[in-house]
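Shared between the two complexes below is chain A, which has chain B as its partner in the first and chain C in the second.
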Partner chain A sequence: MGKLIGEAVRRVEDRRFITGKATYTDDIKLPGMTYAYIVRSPYAHARIQQIDTSRAQAAPGVIAVFTGEDVKDVNGLPCGWQVNFRNGDTMKEPKHPLLVADKVRHVGDNVAMIVAESREQAKDAAELLDIEYEVLDAVTDPAKAIEEGAPLVHEDVPRNICFDWEIGDKAKTDKAFADADHVVSLEFRNQRLVPNAIEPRSAIGVYDAARDKYTLYTSSQNPHLIRLLLCAFVLGIPEHKVRVVSPDVGGGFGSKIFHYAEEALVTWAARQVGRPIKWTAERSESFVTDAHGRDHVTRAEMAFDKKGKIVGLRVSTVANMGAYLSTFAPAIPTYLHGTLLQGVYDTPAIYCEITAVFTHTTPVDAYRGAGRPEATYLLERLVDTGARELGMDPAEIRRINFIPPFDGVKQPGYQTQVALQYDSGNYEATLNRALEIIGYHQLRHEQEEARKQGRYLGIGFSTYIEACGIAPSAVVGALGARAGLYESSVVRVQPTGKVTVYTGSHAHGQGHETTFAQIVADTLGVPLEDVEVVHGDTEAVPFGMGTYGSRSLAVGGSALRKGLDKVIEKGTKIAAHLLEAAEEDLEFADGEWTVKGTDKKITFGEVALAAYVPHNFPEGMEPGLEFSTFYDPANFTFPFGTHIAVVEVDPETGKVTLKRYVAVDDVGTVINPLIVDGQVHGGIAQGIGQALLEEAVYDENGELLASSFLEYAIPRADDLVSFEVDRTVTPCPHNPLGVKGAGETGTIASTAAVVNAVIDALAPLGIKDLQMPLTPQRVWQAIQQVQAS
Partner chain B sequence: MEIPIKVTVNGEVYEHRVEPRMLLVTFLREVLGLTGTHVGCDTSSCGACTILMDGKAVKSCTLLAVQADGAELLTMEGLARNGELHPIQEGFWREHGLQCGFCTPGMIMAAYQLLEENASPDEKEIRRALEGNYCRCTGYHNIVKSVQYAAKKINR
Partner chain C sequence: MYPAPFEYHRARSVDEALSLLSQYGEAAKLIAGGHSLLPMMKLRLATPAHVIDIRTIQGLQYIEDRGDYIAIGAGTPHAMIEQSELLRAKMPLLSQAAAVIGDPQIRNMGTIGGSLAHADPAADYPAAVLAAEAQLVATGESGERVIPVEEFFVDLFQTDLDEREILTEIRVPAISENTRCAYRKFPHPASRFAVVGCAAVVTMENNRCSDVRIAFTGVASTAFRDTGVEDALKAQPLTSQSIEKAAALAAENDELEIMEDHFATEDYRRHLAKVFARRTLNQIASAF
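Entry: the complex of A and B
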């Protein structure tokens, strides 16, 4: 281990953010810039009878008005993952047009784009666009959408079913349930959420006719993927003629993975207009157009034996895809949810079936955690329910069901019932540590005392597993992914020994410029300030897959580490030549090659210089010290942990107050604990948001009622407490850094912990279940109901 | 119709003619090119656009540029002096009080006003003072610590 790996190095990128000098997409102003405003459907389902653009065209400052007619020869937005029906039929994949010509299918669907000299003029002109709609019946609830006679989102998709899918052994699971001593079941909606990164999406399209070259600036988590989809699937323009830049990006949480229509529209229209076009979402547009998260309607059952051992799990979920398939939507309820149902438990029989359906709502896709929070929520709620019904302590029931520890080296990985093989884990260790931090026995005692005083204190557990750094490409390809899931790096040692590294990962808050620099500095023995990390520009960086699914360090960091190893390998050859020693007699440490047992040495900088001024150089060796690397992992990595929430519920108002929150996570080897803790904190907050506050509510007409921050509550500072965070370390056995992933653990764990805590608090009243979010109104009503009955 | 305004921003005087409907944040970003102040919503909820106007934290998306006529404004760009970070900026760096950085300018400005009014706020007071500023990355944990760091440093 070097000097910097494991250190809480303060972020090197922060200076620009804390002095107002960052460059987000909307901060970019180009000569001749024009501004686009997208006219969106106010209806969930309507036929466009007629669009009259004449008044809008004539409005002051208007340069162009584009409608569905203008882009009818342009392809729609592609989906990047194909999940076929159980019977082998192909997934239903209706066209997702950039601008709709015939029928709008959700509130916010793109109808027209107005380009003007200013934002205000474009928006003013939108008022003058005359659109006649014939309003049609809509369906927003996925369970209702599959009923016979429900309004169809796409005429050629019967019962709105996009695909159905299953995993596990149905017969074995049914038998386990038939033979079980005790069965618990829950029915719930894992409610729809709006990601709400604080930076609204933004895109600038530029076309340089003299060079026949396009540039797209976009607030994206994965610029290369956007370029590929834009060029090869949507616009059919040559990939080498397009540069995509994702500069500073103000949070993503999944919502900025996907390829959106506005990116293609501004790129396409920039050529028509002959000037750069900027589009930036207003928050109200973000609410109806950024892909939403979750929205599962689930029935889940867990079977136990007399002693509380889990003997079976059965899950049936209807997953809402929204009106069209977003980029990775089909993978979320299936390969990121169904395959996670083993959890951290040794359950011998599991079966899960998924029905994915279209509704007249904003498309649903990955939102922080993506499928794994849904899996964790149902497992953790069922385990707690089982504990309560069997009269067991929730910590104890977990303990007896945990998969025993395995390091993936001496002991093999754990083969689940649902396809995945876990890399390494020690689940009980995180539980023990969390119980110790929270002072469990004392806390239960306090709870009893509180109950005597009529106070409702609750303790909730969540022992979760996450799958991140999804890979290898061959496996995900077999599962329907239309992309690889490797990562790239270039390590460019400059002649003066300074190092520039290029990564296909993309940071939008995760601090790669620091974490990746720590890896470089330690591995090469150079000072941190001699390292520059470059990302987010397809013209600078080799083809990369970007950042989502907590993959950056495990996949991108490993690609970097492998590149650094190549630098050392070549450097050793150069050093051996210059020191007139055999390679095997050299050792490399702290930025120097030393001939073992002597004081003969040469520095990293001297070797770098020799590589670029190769006057005295090994015969036949190419000059230079630069390596490009692509790394395709052997497996996912599987972080895990135990979270415990302590809440108090006011029975008079139904308000839930968070009292304490303990998180013990295991994300493998930690490069920068400051950054990992920060990721955990933010994740916990988002999961708590789902448990207590957030819900994207549609009315029966398909209007999104929670469509601004006035109706949709994301956690504020005074909703939360300071978190008590700790770690265990079980290295990942299959990547060179031993790292797992830390970006989503908090969100995956915390929702269930908080809901379990509230139900624990209210258990004396006989409340066994509550539907999220646990708003004061909902909790109060539940209390009233049990008291009335 | 355009209206002349004279505004002092970060110590510099600017005179411009603006449309009456132009928002103050638009004036800062588009007219003056001070893009350190951000727009995160259209309902005055998120606080990303918070600046100081005559010493008070205001949401610059809720004011018209003409309302700032004659006022003295402080934005993110004006907080560091001679390249030296203000203790709040330093606190956000030391305590990892930011991730994506988008809410950070508004958050720092709101914290600035808090510390002007209350030199040693406790955690509860910090959380209450910042409830008009949304952060989706940090869970506020390290933002609280950043403000505490700054308070300590200022009081030293």
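Entry: the complex of A and C
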């Protein structure tokens, strides 16, 4: 017992994960199981002229073959966030069919589903499905997609524009630029990434005819959201007739937030076939069907005065939506990107415009950080570029531009130029700590010495802010969300004093079963092993919104904490009755109620027993000790921090080697530092992946070139260094735990830090800009170019 | 992930494998460690109807000193080659190349024979065996045939092996006391195959290079010996100047079909070949 909040408790879930005993969707075996294989388009854009299913139907083991014709009366996949055009028109939202009947619009688009007795038979039969395609011209580059005459992804969407959108004060910003002493600008692509969760997506559809009831097992980050979209929008089945279970899920990084066609198809077809149907993606399918991330083409400018104060920011981005709108796609470049452009700087004028476009590519949606890495990248690149051009130290230019500290209690929150109000922040403190850890002055000295020896050492900064736990529901509704963004909990105290808690958030690597149990054990004063955390089953947990956007602890943890408070409140009444004392004379600590100033006490277990065996109970009180809570936060939370990367570049090969990496994050109150460190480490690695290695490249025909781990490089241990991680603590003022969120900070910060470091390394050669990922060839070519000119 | 249907045969001897090969002809593929064939089968890029497993054949895993040369059984996994005291002492080039193949799991499963017979243009061994002037022993129904390594690599994924032959042994000459060798590679960040791999063997007599063998992998459609670099160093002292001059000639043979992909253009690959020729030769120079 004792205080558990803040303790580095080892993850209780790891026993089953590291012993191979976890139950992922694909591990579930049901009697009579059949297997689905999805036949996918090999073309980016083609008209389906004819599908002859006869040979596939006759193949060994085949039970059914479904094509677009079979589902033409079924609704398409819905989009969960509406963004309007600047002129007020609603965004273009073409149907995203479960199986395509007319035209395929990206490599991997769903054309048919074959159900067979085994996976192998289903896949073998797929080769016998005769499909005639008329191949059409494709467009994959979002900047080209809006040009007149570009191939149209949807005939009724002119120039492929899904919507255009703006935020900030254009006139004020233009004036700030006109009056500025110095303007820096960058044009770049924040390249497309493949999420690559370790567990491929998987779904099992079950229909119980006797009870007229469906079950969908799916590797999802949010089972209730999937149930809502599946029932209310796609299949039109009453929600109480559908159970959605997300068992152990092996990572998501955002890609398992969204509702995918396969989930609806196996559920729908399970009834047609009369047997359970399992579908599991092969890795090569994951590459072309899991929603991708990023893919912004951006022009960004920052205006400074003579002293290096930022006076304006102007951003114009074309955001690639892919071929269809994925569940939250419209929100990413807008409300999770445009609204973050204040960063940690006191910039007085900001304007951002976004054009969202369709292309013949895999849909793009939230990927770890989702909009915030794109915002941080452009801000941090611009600030560093400004420092270089103005001859200032990159640490100092940040220092003079930081928003001054505010705790959100004594000082009010900070109202940005782009709608959001920050909760609390002390940005300079993280910079100071990071400079101290890295030994900044000494490091600059080493850099100078290295340069004298012809070695290219670089130091890169990223001082970032992120927005977690987006809320409250009324605000996000006004911004176009078609869902609420609260979270739920049920705290069920068992008669013996053991505690089972049910959360609407969902763990797929984050360690909720440990962190949430720590909150329960710490609050109720019960041993950690007396707490069970349940999530992921719509028939077990209350309606919840799942896990993404670093929301679990800030929103779900707070819902839990509020439920625990109700338990203590009722427990106090029961204890007062049993101790024959006044409630106000009791104090609750370490799992016991004590009458102040006496040795009269009663344990939590005794109160729990009394609640369920209410022989001697307060008059009129309901028996039991169980509470259901819904928590809708007052605001987002805003973690922040300073990351510093040190790299060395081999100018002959262009290879970048990381030498050191320091991260000082402020994620508010920390429940479990071990888990936070793990999240930060993984996040940093993923952001470095974008900086140096990863890129989902399409060729001109719309074929994904990096479509396997042979070509698509995700970072491995030997690409990285041992991260030096520290924290400051500025609690969130508006939630009961003071927590902010730690799932994405690393990814948001690290990409810009590394790119800034490489440019700093190569600055003596005259290099000012590099396009991501900084592959050896790109770096080498850039060096060749500056040396030739 | 799920290969096309195939029939699996476990051969207990080379003779049995040969008779299965003869029976199934083009429809058959040999498998040893599986690290070249299985990835292609999973993607259905290879769809052999019959897979003949030669991994468990007794007597294909060995590294033996035969006086004139060291004999390596074709079924010897990379890890054994990496760790072999015999090779490290007498022909360290192969151990150096084996040590940088893939990761430990791959090195425990993959075999030298499988890698060479697959003839991936970016695999590590081809450069090493070329620079080592190895001989490759192919066994067919009519007996053994010794193939000099310079005749072995025909084209992309093509070797001089007949489809009814099995590569059974690799013979590498031991190096003399005044010989040094090195293998360096620039790995692709995803596959860890060589974007450029450079193997070199240099023998010095009277402070001059009496024998220079330098071979590249990853650069062109097959691994190749670079005679331009070799000739420039012959009879020269091994200094940073002579190395610099010779290395600048790397990958300049007009007949080379230099590979190009998204990660590395032809120009960049050729440039890397020069850089790695220089670095490999400098490493050798510093070992004398």
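Going forward, the second predicted complex is superposed on the first by the 787 of 789 C-alpha atoms of A that agree within 3 Å, B and C clash if a C-alpha of one lies under 4 Å from a C-alpha of the other, contacts with A are read in each partner's own complex, and residues count from 1 in each chain.
Methods note: a residue touches a chain if its C-beta (ideal position, glycine included) is under 8 Å from a C-beta of that chain, and two chains touch if they have at least 3 such contacts.
In this text, all values refer to a predicted model and were calculated from it rather than measured experimentally.
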First, second, both or neither for A:Leu693, with chain B first and chain C second: second
Touching partner for A:Asp27 - first (chain B), second (chain C), both, neither: first
Superposition-derived comparison: chain B or chain C, residues of chain A touched: B
First (chain B), second (chain C), both or neither touched by A:Trp780: second
Partner chain in contact with A:Thr653 - chain B first, chain C second, else both or neither: second
Chain B versus chain C as contact partner of A:Ala450, first or second or both or neither: neither
Which superposed partner A:Leu710 touches (first chain B, second chain C, both, neither): both
First, second, both or neither for A:Arg283, with chain B first and chain C second: both
Partner chain(s) touched by A:Glu120 [first = chain B, second = chain C, both, neither]: both
First, second, both or neither for A:Val729, with chain B first and chain C second: neither
Doubly contacted residues of chain A, that is, touched by chain B and again by chain C: 120, 282-284, 708-710, 714
Sites on chain A touched by chain B in the complex: 10-11, 14-24, 26-27, 29, 120, 196-200, 248-251, 253, 282-284, 508-511, 674-675, 677-679, 681-686, 708-710, 714-718, 720, 722-723, 746
Partner chain C, residues of chain A touching it in the complex: 119-120, 123-124, 127, 282-284, 652-653, 655, 692-693, 697, 705-706, 708-714, 719, 775-777, 780-781
Parts of chain C lying in touch with chain A, wherever the complex brings them together: 1-2, 4-5, 39, 43, 186, 188-191, 262-265, 268, 271-272, 275
Residues on chain B engaged by chain A in the complex (per definition of touch): 19, 21, 29-30, 33-43, 45-46, 48, 75-77, 79-80, 85, 89, 92-94, 96, 98-105, 108, 123-124, 126-128, 130-131, 133-144
